[in-house]
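Both complexes below contain subunit A, partnered by subunit B and then by subunit C.
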Partner chain A sequence: MTDFTLWDIVRNLLLAGRWTVVLSLIAFAGGAAVGLVLTLLRMGGFKPIRWLIRLYVDVFQGTPLLMQLFLAYFGAAALGFDVSAWTAASLALTLFTSAFLCDIWRGCIEAVPSGQWQASRVLGLNYLQSMRHVILPQALRLAVPPTVGFSVQVIKGTALASVIGFVELTKAGTMLNNAAFAPFTIFALVALGYFILCYPLSRYARYLEKRLYGAGIR
Partner chain B sequence: MALVSVKDLHKSFGDLEVLKGIDLEIESGEVVAVIGRSGSGKSTFLRCLNQLEQHDWGTIHLADQRLDGTAMSPGELSQNVGIVFQSFNLFPHKTVVENVMLAPLVVKQTPRAEARKIAEEVLDKVGMLEKIDAYPAQLSGGQQQRVAIARALAMDPKVLLCDEVTSALDPELVGEVLLVLESLAKEGMTLILVTHEMKFARDVSHRVVFMHQGRIHESGDPQTLFTQPKTPELAQFIASVL
Partner chain C sequence: MTLDFSTLLPYSGVIIEGLVTTLWLTVVTTFAGIALAIVVAYVRDLESGIMSRLLGGYVEVVRNTPFIVQLFFLFFGLPALGIPISAPVAALVAMVLNLGAYTAEILRAGIDSTARGQHEAARALGLSRLQSYRHVVLVPAFSRVYPSLISQCIIVMLGSAVVSQISVFDLTYAANFIQSRNFRGFEVYLVVTLIYLLLAVGMRRSFELVGRRLFAFRQGGSA
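Up next, the complex of A and B:
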């Protein structure tokens, strides 16, 4: 049996950590794109679409991410689709992220005082013009801190992709431990890895929140 | 021919009938103060005039043109009727001049240089030219309200509605806003003001309209109306506010 040096462990975790970062980026970019479209559709007037999007958000918020990953991976296989762990994890995390961002952003748009809609309406701006020139710029400023804050949840969410065989930080830790039998060291390092990724984002979100508050924007 | 002509205007919110048939004609250049207790329907009436509220019955004409229903798009409406709110509602992410330029640029498609010129003119009119690049948060309430007036004027409306424009201001800031309105009145701007400033209504307006329970209860020139009210309701109202 081979002996693992600490460096071996760290090196392997770092290599696997790349995929945690890549999967997080895919989930976040995909989730933001889908979430933006959903948010705008939801703000529009058409009732059935609003209702459907609310159902979508409720389903993804009301079920564990783990089940969503299982469904994307095993469910797709049961339906005859051959999906890789990569595809399943990217898809499930993208949908999960989009549902939460859609809800966060809806809240930010609704947080813009109704007087702003009125003022832009009486100046003759139509719905899209009001959105573009008056509402969205203000909602965007409100949205940045919670959005950055939520990205932390996405990074931690990628850990669950390990259960469908996606080799990222957590899965690599499990595999290393099977060979090296040093659970405390290995999982402490895994946790440290997540912390190094998440902590700066949390700090940044807090900073943005303070700056927003300081700017006196309601 | 009256500039604004309102006929038999009705408006209900659910079971509550707020306007029970308003008839009013306003000439070009006239300054009309609408007074009355809260709940008398005066703000709702004003908001119907620029269709922020849709009335249930009756018609509104502006210089022979039907204004209500779907007769005018919001874009056309904004070039006919401007409104200033109690709570200013300036756009906080835009500077003073950007606030004023937005509607001419977006709605009227005015070229940028010309829109800037218009903005400078109207800001000069309200005495806010030197704050042109400030953000609303950097201004006092009175200054913000003056910018809001300029923003409405930039669309060159035929009528300017003022919905309790001094009610949210600290007492020492009321004067500067009233001065601006007074100078607009002198220039011949048609103004319809819902106001609690009785002294202003008496000194500046040409006609005072007293609303009571969703109807125009009494109206007339300010001197007569304030000194010799015909109805006990108006007498009581005057006694309670003066």
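Up next, the complex of A and C:
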């Protein structure tokens, strides 16, 4: 049996950590794009669409992310698609992220006082113009802190991709542990890796939130 | 392909067994996690020494690392240190520590919004420190953050799916088990996902029902 030095373990974890970062970025970018479209559709007037999007959000928020990953992975295979762990993880995490962001952003848009809507409509702006020039800029300020805060959940969510065989930080940890058998050290280092990624974002989100409330908005 | 749910029927016992595990894990975690959170929030609110800092560190570590890593750390790491721990115990401890940290932070937000003066007024009226803390600080704080508390408990219930990875026979473990027998992964996961969804809806309803009784004093007030 080969001996693993601490540096071997750290080096391998760092290499795998890249994929945690890449998967987080894919999930966040994809989730933000889908989430934005869903939010705008949901704010529109068409009832059946609003109802469907609400159902979408409730289903993704009311079921385990692990199940969503299994469904994407095994479901696609059952439907005859040959998906890699990469595709399944990206897809599931994107949909998961989009549902949560859609919910967060809807709240932010609804938090803009309705008088702002009425005023811009009275001034002759149509729905899209009001949305773009009056509502969204105000909603955006409210949206930044919770969105940054949610990015922490996305990073932590990518750890579940390890279960379907995607080699990121957590999977690398279990693989290394099978070879080196130093679970305490290895999983402490894995946890440290996530902490280094997440803690600054958590702090930043809290700072933004304080600044926003300090500015007397809401 | 065609969906065939009939192959699931012989396994309904397995699903029920998994469901029971998920349910008891969730119920015990909810009570123990909230109790832990009250202690953590109390200490962090009233003391400012080393204990308070340690608890602050605990909250931050739990909130900024994935649950699955916390679980692996407890289940694989503790035995390596000579502390034997069974899979269900590791799962329960991880879930309680997780809910405790998040709830402590949620509670803190509720406590912060209670004016200091109210606590002092209650002390001046002759309530003991604990009485005043309970009635004037804690209960109003709970009623204020109750919606976030419900969501957090549901998140932990859904997150418990991960305990299947250290072979605790929960609902997700049951799904994996059936999938490995009848190779009908999609159908199994669809049904089990639906069960989780129903659990989440049921939990929210029950919490709301309990909340209406617990915080009846707020009705008609500035709720």
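Here is the rule we go by: the second predicted complex is superposed on the first by the 218 of 218 C-alpha atoms of A that agree within 3 Å, B and C clash if a C-alpha of one lies under 4 Å from a C-alpha of the other, contacts with A are read in each partner's own complex, and residues count from 1 in each chain.
Heads up, the rule we're going with is that a residue touches a chain if its C-beta (ideal position, glycine included) is under 8 Å from a C-beta of that chain, and two chains touch if they have at least 3 such contacts.
In this text the structure is predicted, and so the values were computed from the model without any measurement.
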item: Fit-or-clash call for subunit B and subunit C when the two complexes are aligned on subunit A; value: fit
item: Which of subunit B and subunit C A:129 touches, first, second, both or neither; value: first
item: Partner chain(s) touched by A:137 [first = subunit B, second = subunit C, both, neither]; value: first
item: Apex subunit A: angle to the C-alpha centres of subunit B and subunit C, given in degrees as a multiple of 10; value: 100
item: Which partner, subunit B or subunit C, touches more subunit A residues; value: C
item: Partner chain in contact with A:37 - subunit B first, subunit C second, else both or neither; value: neither
item: A:64 touches, of subunit B and subunit C: first, second, both or neither?; value: second
item: Which superposed partner A:119 touches (first subunit B, second subunit C, both, neither); value: first
item: Partner chain in contact with A:182 - subunit B first, subunit C second, else both or neither; value: second
item: Three-chain overlay, closest Cα atoms of subunit B and subunit C, distance in Å; value: 22
item: Subunit C-facing residues of subunit A, complex; value: 59, 61-68, 70-71, 74-75, 77-80, 152, 156-157, 159-160, 162-163, 170, 173-174, 177, 181-184, 187-188, 190-191, 194-195, 198-199, 202
item: Subunit C residues touching subunit A - in the complex, by the definition given at the top; value: 1, 60-61, 63-70, 72-73, 76-81, 154, 158-162, 164-165, 172, 175, 179, 184-186, 189-190, 192-193, 196-197, 200-201
item: Residues of subunit B that touch subunit A when the two form their complex; value: 50, 52, 73-79, 82-83, 85, 87, 89-93, 102-103, 106-108, 137, 151-152, 155
item: List of subunit A residues in touch with subunit B within their complex; value: 113, 115-116, 118-126, 129, 133-134, 137-138, 141, 215-218
